[in-house]
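Order of writing sets the chain letters: A, B, C and D. Residues in each chain are counted from 1.
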Amino acid sequence: MNRFLKSDFFYDFLRAPIAVASFVVVSTLILLALLANFIAPTNPFDPASLNLMNGFTAPMEPNAFTGEIFLMGTDDQGRDLFSAILFGLRVSLFVGLMAVLLATVIGVFLGLIAGYIGGWLDSLIMRLADIQMTFPSILIAMLIYGVARGVLPPELRDEMAITVLILSIGLSEWVSIARTVRGSTLVEKEKEYVAAARLIGLNHSRIMIRHILPNVLSPVLVIATITLALAIIAEATLSFLGVGAPPTKPSLGTLIRVGQDFLFSGEWWILLFPALTLLALALSVNLFGDWLRDTLNPRLK
Amino acid sequence: MIKKLLTMASAVVMITTPTFSETIRWARAGDSITLDPHAQNEGPTHALAHQMYDPLLQRDMAGAIIPALATSWKALDNNPNVWRFKLRQGVKFHDGADFTSEDVVFSLNRAMADGSEMKELLSSIKDIRAVDTHTVDLETHGANPLLVNNLTNMFIMDKGWSEANNVLTPHDVAKGETNFATMNTNGTGAFILVSRSVDEKTVLKSNPNYWGNNLYPTEVSKIIYTPIQSAATRVAALLSGQVDIIQDVPVQDLDRVRETNGLKVATAAQNRVIFFGLDTAEGPTSNLKVRQAMNIAINREAIKKVVMRGQSDPTGVIMPPFVNGWTEKLNAYPKYDLEEAKKLMSEAGYEDGFSITLNCPNDRYINDEAICQSAVGMMGQIGIDVTLDAKPKAQHFPIAKGGEADFYMLGWGVPTFDSHYIFNYLVHTQTDKRGSWNPTGFSNSAVDAMIVSLESETDLGARDGTIAKIWGTVQDAQMYLPIHNQVLNWGMSKNIKFDVQPEDKPHFQFLSFE
Amino acid sequence: MLSIILKRLTQSVVVLFLVALISFLIFRYVGNPVDNLLGQEATVQQRAALEEALGLNQPIYEQYFDFVWSALHFDFGNSYRGALPVAELISSRLPATLELAFMSALFAIIIGIITGVYTAIRRNSFLSKFILSISLIGVSLPTFLIGVLLIWLFAVELKWLPSFGRGETIQLGWWSTGLLTLSGLKSLILPSITLGLYQLTLIMRLTRSEMLEVLDQDYVRFVRALGLSNKQVHFRHALPNTLIPVITIAGLQLGSIVAFAIVTETVFQWPGVGLLFINSVYFVDIPVMSAYLLLVGGLFVIINLIVDLLYLIIDPRIRDNQLIGKA
Amino acid sequence: MKQPLLNLNNISVTFKTRRQDFKAVEDLSLTLKEGEILGLVGESGAGKSITGAAILGLIPSSGNLSSGEISFKGQRIDKDPKIVRGSKISMIFQDPLVSLNPLRRIGDQLIETIQTHSPCSRTEAYDRAIKSLEEVGIDQNRFNAYPHTFSGGMRQRVVIALALAPQPAIIVADEPTTSLDVSNQAQILSLLKKLCKEKRTSVILITHDMGVISQTTDRVAVLYSGKLVEIGITQAVLKNPRHAYTQSLVRSTPRIERGSPKQPIHQIPDSKSKLCPDSKVLIAEDLTREFDLSPTWFYHKFNVHKQRRVLAVDSVSFSINKGETYGLVGDSGSGKSTIAKMAVGLLRPSSGQITVNGENLNSSTISHRQSQRIRRRIQMVFQSPYASLNPRWKIGSILAEPIRVFGLSSTKEEEQNRVFELLDQVGLSKSDVEKYPHEFSGGQRQRISIARALASKPEIIICDEPTSALDVSVQAQVLTLLKELQREFSLTYLFITHDLAVVSTMANKIGVLNQGRLIEEQSSELLFSKPQHEHTKMLLDSAPKLDIA
């Protein structure tokens, strides 16, 4: 840790206002999502707790029927938007992070194998990547969703929706990571420290994991960050297409989908607040990832 | 496709005809499912069919029955089981063929064939006979005083054309069948099909030989019909003046449309009731107390005020006010009473509630998904844990119809304006001829008998008595939880003079410009 | 040279076969067609008969080859709704999507490369920093929201541009184009921007980083040392070398643009294959679904191939088998 | 006297780094006369390249000319160097492989350059381009060829042609031959010298190689950490260097003594006494290795086009006695490293074999235990001080790994002590175990990789260009260390290098490789006194020599 604090990386970080700002925003949002239960005045996921009469209450204005006041107003179901956003943020972040994790694991594994072992295995994996590229996350999601809908009982559907999101986004984002890892593995494996490891008789798996892996991870970090933003956006898009988080357990995307119906009718807050939250999240993640890329890629410094 | 490419190479450039001022650009959420007039019994499908096909008699924009292809009709004095229809002279189909009685005979038989969704409407018919070229007799099993009500969406096709194109029977949409008639038409209607591509655009042009040309305004020379799924986009299209009329203005956008100059909103109570259906055969909902609890746990005012923005008319019976048999008393809906509901639940032995899935369409009725969502909340308050499963109508209806659902949403329009229509579809035991939309498992032979008897009861007083009796049982059985009657809101440009048709079916020959 | 083309071709074929396999499996297993065609209450005999008719009782690999075989003849069976053969349906919708994809790709590539080059050459100017940050907003909002906002601003509030559809189209044989009418072109603007924004950002950033890298190369420093003007250095030496990787990515993007059009087409009611696909999903119209997958796969592979061939034209080193097996 | 052609007056170049600014060049003053060749010599980081770049205003963006002025024929140019770039002053870079735009035909690049500076018709430019190609000895029918079709040496010729095309008054040549083989190096240098003398073009030759300096330059300026420490007539400076640094530089430069077999510098007298002729520890028998250059597995499978095969090593046989140092010399691509790889089992021979104490590491029947036993005996020191240490590992674990793998220590502290011992043997301190490679200088890293090689207590160590990436002074230290270790542990070295001078100071016996063949094998004295093979002679002649007549 101490070493980290002394590192150039940290030094640069402190001197990049955008990086610091975006980092702060992201971590704040994550914190809010984690503490949602304690911060949120209501639990938006519990339909029984909703009072429909509270619907369409403007921010900080007493509701016409119940007289209740809401920080960010309520949506069409009388859901307190502030709470809904906190919980939705949690869903979106969870989906995003899990998807990225999945993508990274697959990508690093395949990339490492392809790069290190090479030969026909390499070609195979790379063709696989091509095929993968053929089906962007949206398509995959709709397919998996279609299948799952067929096989799973409706009770499981809510959980399923989230799993489908994670699977589909994760499965469609591994390619870029795999390609990068493969690339840097190809470079690293020619380096002499690998030869040194081989001539003391280490087996390949050990060389791959103990020696090469640590050296190919920094670009992965960058891509993973960008992918996180991507995943969060993808989740929103899928919700729009109706294969996302269910309206009874809304994610940010679902909230935005609902909100856009009220864009013309003057209930601006239903769209604005979730959209701003999403923007803040994705934008900061992107900005941070951007800074990471420039920092970890000295050629561009 | 290869062939296409070749033809493309040697293609002549032809330009789609430019639009005139009399062109009506008409948009609504969903497209017609098929152009075959007998294959579906569904609003948007009939709405489009009405522009190209005529029934024997139809409802005007106010909902009153007026002559169409038949100029007059009455039950024979000597035999009340036979209705005689005098057909309009000199009517021609779009392809120039003459309209004669055998077309009527053919069409009605076709409407009764397998794969037809209209057959229930004609279930009382025994025989159809052509008396002469322009007279047709309909014989029913026993007298059917209200037969004519069933014919307002019973479109007449050209026999010759149908034979030529081998569309003697309707295609069964549920089985994914299609035929020539799904994409082609040959009617007697005010408009002729120019081009159609599903979900994209359907273009109609006025029919110069339309029999009604000097009876009705018929000012519209061309109709461009575009389904626009996304509500926001649909409203935007109207607000930005890209379409002249949209049938389903989202309730939240009504004010916006009203306030936009050049636009207006026309409103009318719709002949359609929205309700939930319950499985009475098995599961918790088979317990009457549970169904009653659910019924009073629905806060209908709240739904009206918030979800519908006041644009609905809460009801306690699954019957719109237009319908014969409707009474204030039936229409009065029970008080929203959580305590009572919880009590009933515990009496039924479900004080800790139960879980159930609510099947719901998300592109059919006004705010259908939102209503279901609020229902989820309301049921939650009496301990029922509801999983909402909202789907496009095409996926929802098979489920709702097939009886897989324990708890589902349905809307019902009554084109015949008579209770019998409701009973025949929603109350009668599910058989191949009747009760096709009654998956609730409710089955009462006495009621079934009464329903059948309605078709032949000539004494209207006695008939209304029976109707009231049946409604009594239905209300007690509580297999349906009524919510409200829909209110139609058409948004259109100011210069259009057009009433909102209670069946939500615009007949553009009635439209005129100011 | 030839060998590379050969290699790429064979690879493409392999990819296509796998894509075909996937879409076949969907056709076969997403919602069993038998259940779709017959109701639940169908008798055993009925099922057997239908399976016979659909050839579902043959061994699976035979079915697969039948599928591929008929696919090769553009025969995907009939759409469950709309009566038309799927091939016809798709070919009637394809022009709309291709024109949209083409326009947004054009928009993305042109603007993307220009801004990318600018931000690379003037890497420390305020404007480039501004462009870079702004561009991120494009990838930080979901496409559908951007679309709706554009509609709201330009169609509803300003009434400048149409909010949906293609406007007037002109038939050139089976190809209906919106590029030849004013309303057609106007209708293209908003969807193209909506669809292209994401790719724009991507291409711009790629161009920038590649350019920066190239400007760092010795040969660029050398031509500087030879006293060539900045214009010559940037555009005659740096840019071509920059564009090589950019072209690949841009090409691959074009493939995914077609797929991403799904969202844009739903928002703008754009009558293309994307909208067709969405509806086919809603209506469980499996033939259309699987055909669409094949289409997207096919397009992607073809584009991939074209990109590779472009490489051959641009880069002499590859022409002489210097760097084969690029990642 | 007439004013100098180029005048650097107290120039300083400052770079912004994270923590503080650092002066790469400090108050440096130089003058360049017309037609002279001035050498700028110094070790890496001495600021010689920066000085070169500064003249053309090509300092990397993170740095700038913080003070002083540069004038060409009395005219200030540091403010706007563009006016002289190419036309008056031109530059040649170190690596010809990356100095040419891969996408442009060399002809185009020439014509473009010519036309930029002297507006003339394309045909005119074409003729001049052809001419300048001929001058550097490139056939004019290569005019439309792309750079990648040229060899390294040829590309450097093209680069020179390009640099001279606008007929500049000065050429700044930054390590123009460092990346070339000795044979090419000599040719390029003489070509550059010849052309510049003809055209009366002055040259600033930037190099780290005293040999090159002594053979090519008229005057030499010695830089040390950004400062000019000594400048004067080359011969004078080399003969009696005044500044201490220059002295060490001259001293530590290894030389080839032809004729009288005199002891090279730092020769440890008794290192050869231990030789017992019959005990051969490493034996190579018609060792052959073929490489298949056809691009991917795809081609092997389907033979789409002819496979491209090359013989990297062609039936090479030699043997090394215990305690002896066997030198393998040759140009790049002569197969030296391939042999090394086969010796340690990183590559399998296509045919023939190489055995360690009679055991063949590459035999297919060998068990893991056996191969580990052999591996422990034979270790390797690599060329690059940067790539040979895993940047993510602490020195401690880097050194501990072989100890653990070979099971040479039973307990943790035993292992720990062994690591300390190793560090001590290569002259590093205990505290270094906690550090990461990037915290060390090149020389120190080479020491670490030597320590790693020693960790398994091997008998044979293969040194693959162990010092070619190091500055001469450091090189001397490392070489000395290797010698001391050899004596201490009676190690056997297979010493692989391209540098005849280095090998002459190290090896008892030398094999000369050319295109995979072992063309000559001699004791080092004999090889340098009476080389047999033509190629060997050529190598000896073209090797840059530091002759102080």
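As a convention for this text, a contact is a pair of C-beta atoms (placed from the backbone, for glycine too) under 8 Å apart; a residue touches a chain by one contact, two chains touch by 3 or more.
Just so we're clear, the structure is a prediction, and the values are computed from it rather than from any experiment.
A comparison of C-alpha centroids places C closest to the centre of the full protein. Should one ask which of A-D and A-C has more C-beta pairs in contact, the pair is A-C. Inter-chain spacing, taken between the CA centroids of chain B and chain D, is 87 Å.
Centroids of chain A and chain D (each the mean of its C-alpha atoms) stand 48 Å apart. If each chain is reduced to the centroid of its CA atoms, chain A and chain C end up 23 Å from each other. The mean-CA centres of chain B and chain C are about 40 angstrom from one another, to the nearest whole unit.
Residue positions of chain B with contacts to 2 or more other chains are 232, 236, 239.
Contacts with at least two other chains are made by residues 296, 298 of chain D.
For chain A, the set of residues that touch two or more other chains comprises 260, 263-264. By the touch criterion stated above, chain A contacts chain C in their complex at residues 18, 126-127, 130-131, 133-136, 138-139, 142-143, 146-147, 150, 179, 182-183, 186, 229-230, 233, 236-237, 240-241, 253, 256-257, 260, 263-264, 275, 278-279, 282-283, 286-287, 290, 293, 297, 299-300. Residues 46-50, 52-53, 55-56, 65, 76-78, 154-155, 157-158, 242, 246-248, 260-267 of chain A are the ones that touch chain B when the two sit in their complex. If you check the complex, the residues on chain A that touch chain D are 8, 11-12, 119-120, 123, 191-193, 195-202, 211, 214-215, 301.
Within the complex formed with chain C, the chain B residues making contact are 1-2, 4-5, 7-11, 13-16, 18, 33-34, 173-176, 178-180, 182-183, 197-201, 226-230, 232-233, 236-237, 239-242, 363, 391-392, 394-395, 402, 404.
For chain C in complex with chain B, the touching residues are 36-40, 74, 78-84, 87-89, 91-93, 148, 151-152, 155-156, 159, 162-165, 168-175, 266-269, 271, 275-276, 279, 282-284.
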